[in-house]
Structures are given as structure tokens and as C-alpha cells.
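The following pair of complexes shares a single chain, chain A, combined with chain B in the former and chain C in the latter.
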Partner chain A sequence: MRRFLFAAAAPVGALAVTLVITSIALILFGSNPLEAYGDMLSHASKLETQVDILNRATPYYLSAVAAAIGFRMNLFNIGVEGQYLFALLIAAQVGSLVALPQVFHILLIMTVAMAVGAAYAGIAGVLKVTRGVNEVISTIMLNSIAISGLIALLQQRWQAEQENFTSTTLGTNPIDESGLMPNINGLLEIFTRDIGQGKELTGVLLVAVLVGVAYHLLLTRMRFGFDLRASGLNPFAARAGGVPPKQMIVAAMCLSGAVAGLIGMVELADTGKFSPNPIKGLGFGGIAVALLGRNHPGGMVLSALLFAFLDVSSGILQNTEAATKEIVNIMQGIVLLVAVVAYGVTKRIQTREEARATAEALRSSEPAEVLA
Partner chain B sequence: MRKKSTLILALLAVLSLLAAACGSDVADVASDAADAAGDAAEAVEDTVDDAMEDDAMEDEDADHSADDDAMEDEDAMEDEPAMADSDTTVGLVYDIGGRGDLSFNDSAAAGLEKAQADLGVAFTEASPNNDGSDRAELLQIAADGNPIVIGVGFLFEGDAVAVAAENPDTNFAVIDSSMLDFSQDPPGPYGDNVAGLVFAEEQGSYLVGVAAALKTESNQLGFIGGVCCFGLIEKFEAGFRAGALSVNPDIEIVSQYITDAPDFDGFNQPDRAQVIATTMYEDGADIIYHAAGGAGNGMFQAAKDYSEDNGSKVWGIGVDSDQFNTIGAVDESLQEYVLTSMLKRVDTAVFEILKAQNDGAFAAGPNVYDLSVDGVGYSTSGGFVDDIVDDLEAAKASIIAGDVVVPTDPTEVG
Partner chain C sequence: MKWLQDQPAWIRWPIYALLGILLLTIVQSISDTERLTATPTSREMLRWAVPIFLAGLGGLFSERAGVVNIGLEGMLILGMWFGAWGSIEYGPWIGLAIGMAGGALGGFLHAIATVTFGVDHIISGVAINILAPAITRYLSDELWDSPTTSPSTESVGDWDVPVLAGGSLFGWESPDVLLTIANWEWWFLSDVAALTRGLLRGTHWVAIIAILLVPATSWLLWRTRFGLRLRISGENPSAGAAQGINIIRYKYVAVIISGALAGLGGAFISTELSGLFQGGNSAGRGFIGLAALIFGNWRPGGVLLGALLFGYVFGLDLKDLDGTASHALLLVNTIVLIGVAAWAITRKRKADAILATILGALAFIWWVAAEAVPNWWSNILPYVLVLLVLVFFAQRLRMPAALGQPFRKGDS
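Coming up: the complex of A and B.
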């Protein structure tokens, strides 16, 4: 119970501090904070907006899990951005080339995306263990190589043959209907009224849930997850304990990349091709979401939803003119910063309390009892 | 003590973040993104002239009469300065970055304000997230409260089609896209409530071609296109050539494109534009017209460098917005090399479609804005073409009168 309180105190406190600071900022901008928050909440209370939020939170969550797998063993995979965009392109192209029954078609596309993401992230892992290249540097480089190099090049080569270039026809050849992940409106509508405005709840949400559960089981129930955490906490101790460090690094990078490969599936289910303007920045957004969610499978759900909610609020704030839409970015930044500070503070308090408890125990009793 | 310093540090950190966020950073990022988006917007306008002409033919009579009506109304409006009050409200969604981009978005905003002043149209405005992920959401929010929704830039094409299908009672207009469904045969509008607002770029290019031919001393001109072979930028080249040759049939015009479609990077490569422009100036051209979006800045830089190195002044001609002003915001020293700019009047398009909506004359499919409605034009900022304005106005009048038909295909021009 005490541990849970400690864990919850930081994010709740961070959110409260964020609201205070944002309110001050809003007042300075000449807006009424209560009006702005009211508009955001009443907009978010609509079912259609909730679908938007879930659709936005899904790629954020996948991206956060991808980053968190690395963070858990002190690997900073900054390359999620390049990995998911590259995986999206290859998966879209492969998917357009085949015609299969729906289940196999979707599975093939997802497998290709995960494999490409894993392989591309694996490059950074291999470079680290064989040549000692810091993965931060190599993944940033690989981002540039993927986005400005490989994608730009292959995108041209695979541009669908056509007479008329319009923004709707640009991109790779469209994937057959059978390769597109269906929406899961029906699943949500069991609990709610029918979803209007033609909004579709992405089926990738289910994949994200599975990934979250798998991530949780990996960390808590599997040997690999234990090795991963051990390597992160103390690589030398882990090594002494029989965890092969090189294999762990490569495996963790590949796993992180494989999850990253799934990020683009949300967009692919929607557009059915690699469009010339894919949604970028999700890889970096995921790092923030992972930090805020403390790499915890449940915590990241909350932080992904929070970020998605803030993103989606930007439209309504502009429409009602209750506040400038930049307030959304400001809130995202502040909540992250305050949370990191709060985590630091609670950790320090926790450590001090533990130290005091140990000291008291040492003072008041025999050493043997403490050990026991 | 420790506690206190930690607290102060934390507060400082938060405040600095706040300052950074409120400060120029956000605006910079946003305007960069907007530039890129604007350039891309030019890149992918569909231009199947045949298809459009076929379509236009059928509606031609109707269009003309509508135009005439519109003209008359406008005159009437000028006579009586009364501020009309209209039931029409509009939700306008800018491209990424919103107001302040000195280009498409600001021009759209100007049209919006004119419609508010002249027609009494009330508006709400919005711009997407930096990654553009919420375009459809913004269109839907705008459609919830307004009879007409405008998307600034072709990037709204796909989302506008989808949202329009769900909101049949709301009209949608997208700037810089014809909004033609090419899966139909012949291509037609996506729906009765979907219009595309496009421009007769060849007519504006003709006028700056005339200006270049009148101003050149070496009788050599250059043209730099951003991206070749998807049917849009050729219109600029054809108009420019035709305009220049109409003044002097012996004039020499070299043209070069930075990239070929579907590689649209040409619009974002000022370095390559600079290399091409430098070569053209060295080969004797003294005026170059660019239709290369953001890459065009490289051309103006080349004009400045060449002029300073060789002591003989060379010029560049801008495109889309009044580049004397837009480039002045980036680097004032380049202003004196902007002879004129071919204007794409997004403000006119916004105003005209709102006027049509107000008059109950919203027309689905492509709405082409040409010289007759000031949909395209040339700029006089800097005063470098003040001495030839009469010639330019004469050329403009003869195009509007139909005496000159500007070609859209450069291979048709001598």
C-alpha cells in the first residue's frame, strides 16, 4: 500500500502542479482557464472524440512500449521514429504485392513490419556490441538514413504508376481490402450508442492491448524480462550472474524495433498505402509517453491517453477560442518535466526513509536480526 | 537547505520550459512546418487539363453567367459601403502553422477578413497539430457549426472528401486542389458539396514573362521549376515563355527543373536552385523566374551573389506570394533582387467562394480563379516594375478580353 502511494503520488502531484502552472499561463495569455478546461472536457465527453483519442493513443502507446523496452536496460533507442516509418513503407509495399485471405494478409503485413523494425533497430544493437558505437548516436543516424535516404529513394521507386498525381493517389500501390485491419466500432458499440461522423476505432488498438500484456508478462514472468531488468539495473552484476550482455543488447534492440514496427499499422489500416505525408513524430512522442508512464505497462496507458487527449483538445480550443492551441503543447511539456522532477523527489524521499528505517533497525537490534 | 535548493531548481526548470514554449520556438517550428507544407501544396495539385476542360465546357455557360452576376454584385457592393450582415458562417482550417506564414495561410486569412468586412461572414479558424494528424477532426469540428468549411492546401483533399461524405449539408472547399475524382470516367466532383479552388497560374506567369522581357538587357531569361512532369509547373513555364515571346520573339529562354515527379523534393532544395540559377546568370541570363516554392530562396541568393561579384545587376522573379515581402522577412538584403512576383491570390479564392456561398451559388468541382477575378496577378512592391505597369495592364486586359489565350503546355510555345 505504501509503495503504491509512493508510485501514485508523483504522477498525481505532477498533474496538479501542471494544472496550476498551465492556469497561470492561460491567465497570462488572457484566457479563462476554467472555460478552456471545460471546453476540453465537454469535447472529450463525446463518443466520437473518444474514438479520436483512442486512435491517437494507440500509436503513442506502441511507441512508448518500444522505447520502454530499451529504457529498461539503459538502452536509449532514439530510432523508433525511423524504424516505424521504414517498417511502414516496406509493409505497405509488400502488402500491396500479395492477395491472401484476410487473416493471413493482415498477419503477413504485421509480421513484415515487425521484422523490418527489428532488423533496422538490430543494426544499432550489433554496432554497439561489435564496435562499441553508442546506440544514441547510431539510432539518430539511422533515423536520418531511413527517412531522408531509404524511404525517399524507395518511395520514388514504388510510386504507383498512374497518369494523374493528386494527393489522394500519391504513394505506394494500395493494399487490397483484405490486408486492412478492420475497425472495431462494433466492439465499442456494445457498450455505447452507435459511433457517428464516420469515425472508425482502429483495430490496432487490440494489438496494442496485446503488446501491453505481453510487455507486462515479459518483465514479470519471463527469464528474458528478468535478465533485461537485471542488465538495466546493474550490467556488471547481471554479467556475473550469467546474463550474456551482448546477446541481451541485440535482443532488446530487436524487440524494441519489432514493437516500433507496429506503430505505423494504425495509419496503414486507415490509408491502405504509404502516403507521401505519413504522420511523423510518433517515435519521439513515444519517448515522452514512456518517461511519463515510468516504463510501466499500465502507467504508459494513462500517459498515452493523456497525451492523446491533449492533442485532440487542440481543435476544440481553437474552435471555441477559449485558449490558444499552443497551450496543449505547453501542458505536454510541463507535465513531463514536472513528472520527472516529482519522480526524482519521491525517489529521494523513499531512499531516505529506507535508510532511516535501516539505521533505526541497526541501532535497536542485533545485526543478525536485521539480516534475517 | 538541500530541500530548498531542489525546489528552487525545479521551479526554475519549469519556468524556463514555459518561457521556451511560449517564446519563439513554437512559432519557428510551426512556421517551418507551414513553409514545407505550403511548398508541398504547390507540388501536388492535379492538373489534368483535358479532364478539367471537358468538365468546364459543360458548365461553361452557367459559370460565365454566374461570374457576370458576381461582378455586378461586387460593383454594387462598392457603391454602398453598408456592412452587410450575413447568415453565412465559415470554418476555415489553415495548413500546419496557421497565421503568420507570410504565404498561403496569411493570404487565406486576408480573404477571410475581407469576407467578414464586405459580406458580414462570421468565421472560426483553426490549424492542425504539427504532425498534421488531426486534419479530419478539425474539418469535422468546423462542419459542426458552419454551412461551409474551407481547407487551405491540397493536403486536406483526402480528409475533406471523407468528412464531406458524412456531412452532406455542409459545403467543403479545398484550396489548390481541383477536387476531381479520377476514378470516375469522366472525372467529376466527389460530391455536390465538394469544391476545389484552383488558379490560372499560366496567366499570371504570362504577365511576369512580359515584365521580364521588357526589363531584360541581355535578352536572355531563365526559368527554374521545382518539380517536372506532373502537369502543374509546366503551366508556369508555358505562361512565362508565351509572355516573354509576345514582347520579343527573339528572346532566349532557358528552363530547368530541379527534380522530376514523384520526387517532390525539388520544392525544398534551395541549394540546388542556387546552383542552377548561378549557372544561368553566368551564361548570360539576367532575369530568372522560379516556380519552385521554398527552393526559390536559393535563386534570390544566387542573384545577390552574382550581382555583388560581377557588379552587373541580375534579377529574380518570385512566385505565389509577394516575395519582396516574404523574403524581406527572412533576409532584407535580398529584397532589391525581387523584380516582381507572380501572385496566386488565395485571398481572392477564399473571398469568392464565400461570396458564392452567401449568394447560394456554391459550385461543386473545380473553381478556377483567373485574371478576370484577380485570382492571379503580379506584385509591384519595391517599385522595380513601376515604369512598365501600363504594358502589364495592357497585357492583362487583352487576356481578360480573350484576345490572348495563354497556353498551358510549354511545348506549344515557340
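Coming up: the complex of A and C.
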């Protein structure tokens, strides 16, 4: 119980501080914060909005797991953004070239996306272990290379191959219906009324749930996950314990990139192709979600929902004009910064408490025992 | 080579620069381009290099004091916005100062998180990089009714150097000596004149300030008590604390200076280069500044060299619509990589030599096979260059010893 309170205090406190700061910002520019928060909450109580939130939380969660796999062993994969966009492009193109039965078609697309993400992230891992290149810098550079170079190149090339080229066919060729992940409206409607406004709950949500469970099992039940955490906590001890550090780095980067490859599947199920302006920022957002959720499979669910809620709320703020819609991005940024500071503080308090508890336990026991 | 290495810096660097231009001239004489040594190329190089350099120099201050600063990009973005806002409200020079203050604010946040609360430096930096664009979008939307664009700003302007580049001196229109030499079209000499002229004509005042910051920083960090203490904070904070130095304060000052410099770079982008604030205009130059810092081995002159190198590639790309100049650059890459291979052999580093030879051969094959390179390649070349530099030199670099490590009062 005490541990849980410790874990919950920091994010709840961070949220409170964020509300105070954003309220001040809103009042300064002449908006009524209560009205804005009220609009956001009443909007979010609608079923259709909740579908939007889940659709947004899904890629955020996948992106967060991708980042968290690296963070768990002190590897900073800042390149999730480039990895998922690149994977999305290649998977969309491959998917448009084949016609297969539905299950195989979807699996093929997902496998390609994961493989491309893994390979692209793997470059940074290999550069780190063979050449000592810091993965933060290399993944940032690989982001730029993917976004402004490779994607532009491949998109241009495949564009040129299209017949009857018009502005609506921009992007890769559309994938056959069989390659698109079906929506799972039916599953949600068991518990609720029918979903209106033509909203579709993405089937990738189930994939995200599976990934979350797999991530949890990996960390708690599997040798690889243990090695991963050990390397993160103390690389020297892990090495002495027989964990090969170099292989672990490459493997963790590849695994992180493979999960990153799945992020784009949500968009692919929706648009059926690589559109010229894919949703950007999910990679960096995912890093924020992972940090806010402390790399914990459950914590990241909550923080992904929070970030998705804020994203979706920007629409309603624009409609009701209760506040400038950009305030939601500010809230995301502030809650992240305050939360990482709060985690730092609680960690210190916890260490101090533990030290005190140990000291007391030692004092109360027999001196001879302590010496022995 | 031994002779060259023994010379003082003011002799060594011009000779290196001339050797570089000589390489470009030789390559250009067998290529279909004249842009490698054209005046606009060096002009664009400087315009790109200034914000990269300022961000990198900001990183130098922070990292010399032991604080990794990946938030430079966010601080640069804050500088872009606050610089534009200040320029619109209070005029150009005060605008630059406000831009610096905006960046410094980002630095202050980073310092609070990392120095006071012991947050991991990279995590705090990532948070600042996410927060900064959000702040600028919100403020832009509130003040200018558009999340990404401001009205046009006022610039502090530029300066033509008299006599050498035809600037006016007390109302007298001086001759443009370098233009005359460039127009002679003598091999090498005219190329040197054309490139130099690009640096001296239409030179932004901020660029001049930035260049002056190289000796100023060297003096401040390596010749003053303040600098010694700042560097102790990054090398061995416990030893410094044992001598009674207030390590926490030095780290704070360093990170705030770091933000201010990145902010100046951002203000330069919005007020001097674009003439308005535009979201996304930073083009990752804060991150590239970080790469220039690593390339420059945490030294001011090295950071400038890195910034100019990356700036050259970006600047060349900007004026290279048909891809011929980038094509010629492939040959330059080949020659440089062969040079790296030769260097690696003298150092008995077999793997480096093999890798450099393979990459050099690939560049050469591409150069032979194609007439021009497509624009996507020139778009990514600067980033590829950063990676290549790190691949070959990462292990030779020496970063501050206590970089990235937390320090708390009483740790000694």
C-alpha cells in the first residue's frame, strides 16, 4: 500500500501542478480555465469521443512501449519517430503489392513493419557497440535521414509508377480491403450503445493490449527481460553475471524498433495507404508517455490515455472557443516536466526512508549480529 | 604534417582552410559545377553555420559543467519565438536579447530539473524539447492568431567589409577587391577570393558576434578562475566541492548561459534569416549543434569548424537545384574517405581503414555512374556526415569526465 501511494503521489501531484500552471496561463490570456476544463470533460464523456481517445491512445501506447524497452536498460531510443514513419511507408507499399487472404495479408503487413522498424533501430545499436557512437545522437540523425531523405525518395519513386496520377492518389497505392485491420466496434458495443457519427474503434487496440501484456511478461517472467533490467540497473554486475552487453544493446534496440514499427498500423487501418502527410509526433509523444508512465506497462496505459484525451480535447476547445486549443500541448509538456522532477524527488525520499529503516533495524538488533 | 602541427593556431587554421579549398577547386575543375567555390555557397554556409555554432557553443558551456544538454533544440525554438516577439515589440537588438532570455529560461528549467532534482539529463532534455514548441504554438496563437507564424520581424542587419568586399566607409564606396580577383578566374586564387567574399559581404552582425565568441569562450573557460571552476564542475565536482567551490551554482550558471546561446541562435533564425517566426524553421539545428559539439571535441574552435562543415553541406544543397554540386561533393567525399583510410593505416586501425575504403569506393562508384544526385540525397547528407564523423572519430574524443553524472551537495 505504501509503495503504491509513493508511486501514485508523483503523477497525481504533477497533474495538480500542471492544472495550476495552465490555469494561470489561461487566465493571463483572458480565458476561463473552469469553462475550458468543463468543456473538455463533458466532451470526453461522450462515447464517440472515447472512441477517438482510444484510437489515439493506441499508437501512443505502442510508441511508449517501444521507448520503454530502451529506457529499461538506459538506452535512449529517440528515433521512434523515424522508425515508425519509415516502417509505415515500406509496410504500406508491400501491402499494396500483394493480394492474400485477410489474416495473412494483415500479418504480412505487420511483420514487414516490425522488421523495418527493427532493422532501422538496429543501425543505431550496431553503431553503438561497434563504433561507440552515442545512440541519442545517432537516432536523432537517423530520424532526419528517414523523414527528409528516405521517405521523400521512396514516395517520389512509387508516385511516379502510378498510372492516372491525381492529387487524391498521393502517397502509396491503396492496400486491398483484405490487408486492412477491421474495426472492433462490435466488441465495444457489447458493453455500450451503438457508436454513432461513423466512428470506428481501431482493431490495432487489441494488438496494443497484446504488446502490453507481452512487455509485462518479458519484464517479469522471461530471462531476456531480466537481463534487460539487470543491464539497465548495473551493466558491470550484469556483465559479471554473464549477460553479454553488446548483444543486449543490439537486441534491445531491435526489439524497441520492432514495436515502433507497429505504431503506424493504426493510421494504415484508417487510410489504407501511406498518405503524403502522415500523423507526426507520435514517436516523441510516446517517449513522453513512457516517461510519465515510468516505463510500467500499466502506468503507460494511464499516461497514453491522458495524452490522447488532451490531443482529442483540442478539437472541442476550438469549437467552443473556451480557450486556445494549443493549451493541450502545453499541458502535455508541463505534466511531463513536472512529473519527471516529481519522480526524482520521490525517489530521493524513498532512498532516504529505506536508509533510515535499515539503520533502525540494525540498531534494534544485537550488536554482535551486526558485526558478524 | 609534423611541421604544421607545431605551428600556432593562427597559422595552422588558415593553412587547413586553404588545403580544403584546394581540394574543392581540384574536384570542381573536373566537374560540371561552379558552386563548390562560389560566393553564394560560402554565404549560405555562414548563414546555416551561425545557429548551429551558437547551439553547439551553448552545449559546450553546459557539458563542460557536466550537464548533458539535449534540450538545446527546445531552447533554440524558445529563442526563435522570443526573438521574433521581442523584435516586433521592441526593435531588433532588444529582440535578440529577449530571444536569449527565452532560451535562458529553457536552460533554467533544465538546470532546476537536472541539478537540483537530479533528473536524468537526457530525460529532462527530451521534456524541454516537447514543452518548448508547445509554448511557442500557444503564445503564437494567442498573440498572432496563428500557431505557427508571426508577422514579419525587424533584423539588426548585415555589413559589407570595406575594401575587401566593397562595403562603404564613411560614405565612401570602397572597391570590391575580392570580386575583382574572383572575376579574373585564375585557378585556385579566384576560388579562394570568391569563397572569402561570401563570408565578408552581407555578413550578419550576429555572425560577427558569433565568431568573436570563439576566442571569448576560450579565454573565459581556460584563462579565468570562473572557467576553471566551471570545468571542475564537469570533470571532478567532488574535488571542486572539497575546495569550497559552489558546484551547484556553477552548473546553474553554465546551463543558463547554454540556453541563452541557443536562444541567440534561434533568434538569429527568426529575425535575421526568415524575417519572421515560423514553427519548424529550426530544422533540427539544435541537435546538429550538439553533433558539432561532439565533432569539435568539446572545444570552441572545434565547434565552429563542425558548424561550418555542416553549414557548408546545407548551404550547398540550398543553391544546388540540379544536383550537380552535390554530385561533385561525392568525389570530395571519396577523397576525404581515402584520406581517413590512409590515416587509419598509419594508426594501425585496420577496421577503420577497411570501412573508410569501402565507403569511399561506394561514393566513387556513385560519382562515376550518375550525372547528378537527386535532391533527397543532398537533404540527408549533413546528417549522414554527422554519423560518419562519429563512426570514425567517436572513440578518439574526450568528453568531460563527470558528464551526465548527478551531483548533490555533500558528495565529496
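Annotations
Here is the rule we use: the second predicted complex is superposed on the first by the 358 of 372 C-alpha atoms of A that agree within 3 Å, B and C clash if a C-alpha of one lies under 4 Å from a C-alpha of the other, contacts with A are read in each partner's own complex, and residues count from 1 in each chain.
Throughout what follows, a residue touches a chain if its C-beta (ideal position, glycine included) is under 8 Å from a C-beta of that chain, and two chains touch if they have at least 3 such contacts.
The shown structure was predicted, so the numbers you read here are calculated from the model rather than taken from an experiment.
In the superposition on chain A, A:Ser138 makes contact with chain C only, not with chain B.
When the shared chain is aligned, chain B comes close enough to touch A:Arg56, but chain C does not.
In the superposition on chain A, A:Asn234 makes contact with neither chain B nor chain C.
Touch criterion met: A:Glu326 reaches chain B and chain C at once. In the superposed model, A:Gln247 lies in contact with neither chain B nor chain C.
When both complexes are overlaid on chain A, the residue A:Ala288 reaches chain C alone and has no touch with chain B. By the touch criterion defined above, A:Thr220 reaches neither chain B nor chain C.
Contacts of A:Ile334 after superposition on the shared chain: both chain B and chain C are touched.
Contacts of A:Thr351 after superposition: neither chain B nor chain C is touched.
Chain A residues in contact with chain B (one complex) as well as with chain C (other complex) are 25, 152, 156, 325-326, 329-330, 333-334, 337, 341, 345. Chain B contributes residues 6, 10, 13-14, 17-18, 21-22, 26, 40, 44-46, 48, 91, 124-127, 129-134, 137-138, 140-142, 145, 154-155, 157-158, 161-163, 165-167, 177, 180, 182, 230-231, 261-265 to its touches with chain A in the complex.
Here chain A touches chain B in the complex through residues 17, 21, 25, 48, 52, 56, 152, 155-156, 159, 163-170, 196-198, 271, 276-277, 279-282, 311-312, 314-316, 318-319, 321, 325-326, 329-330, 333-334, 337-338, 341, 345, going by the rule given at the top.
Across the interface of their complex, chain A is touched by residues 70, 109, 112-113, 117-120, 122-124, 126-135, 137-138, 140-142, 147, 284, 287, 290-291, 294, 374, 376-377, 379-380, 383-384, 386-387, 390-392, 394-395 of chain C.
Across the complex, chain C is touched by residues 25, 29, 76, 78, 127, 131-134, 136-138, 140-142, 144-145, 148-150, 152-153, 156, 284-285, 287-288, 291, 324-327, 329-330, 332-334, 336-337, 340-341, 343-345, 348 of chain A.
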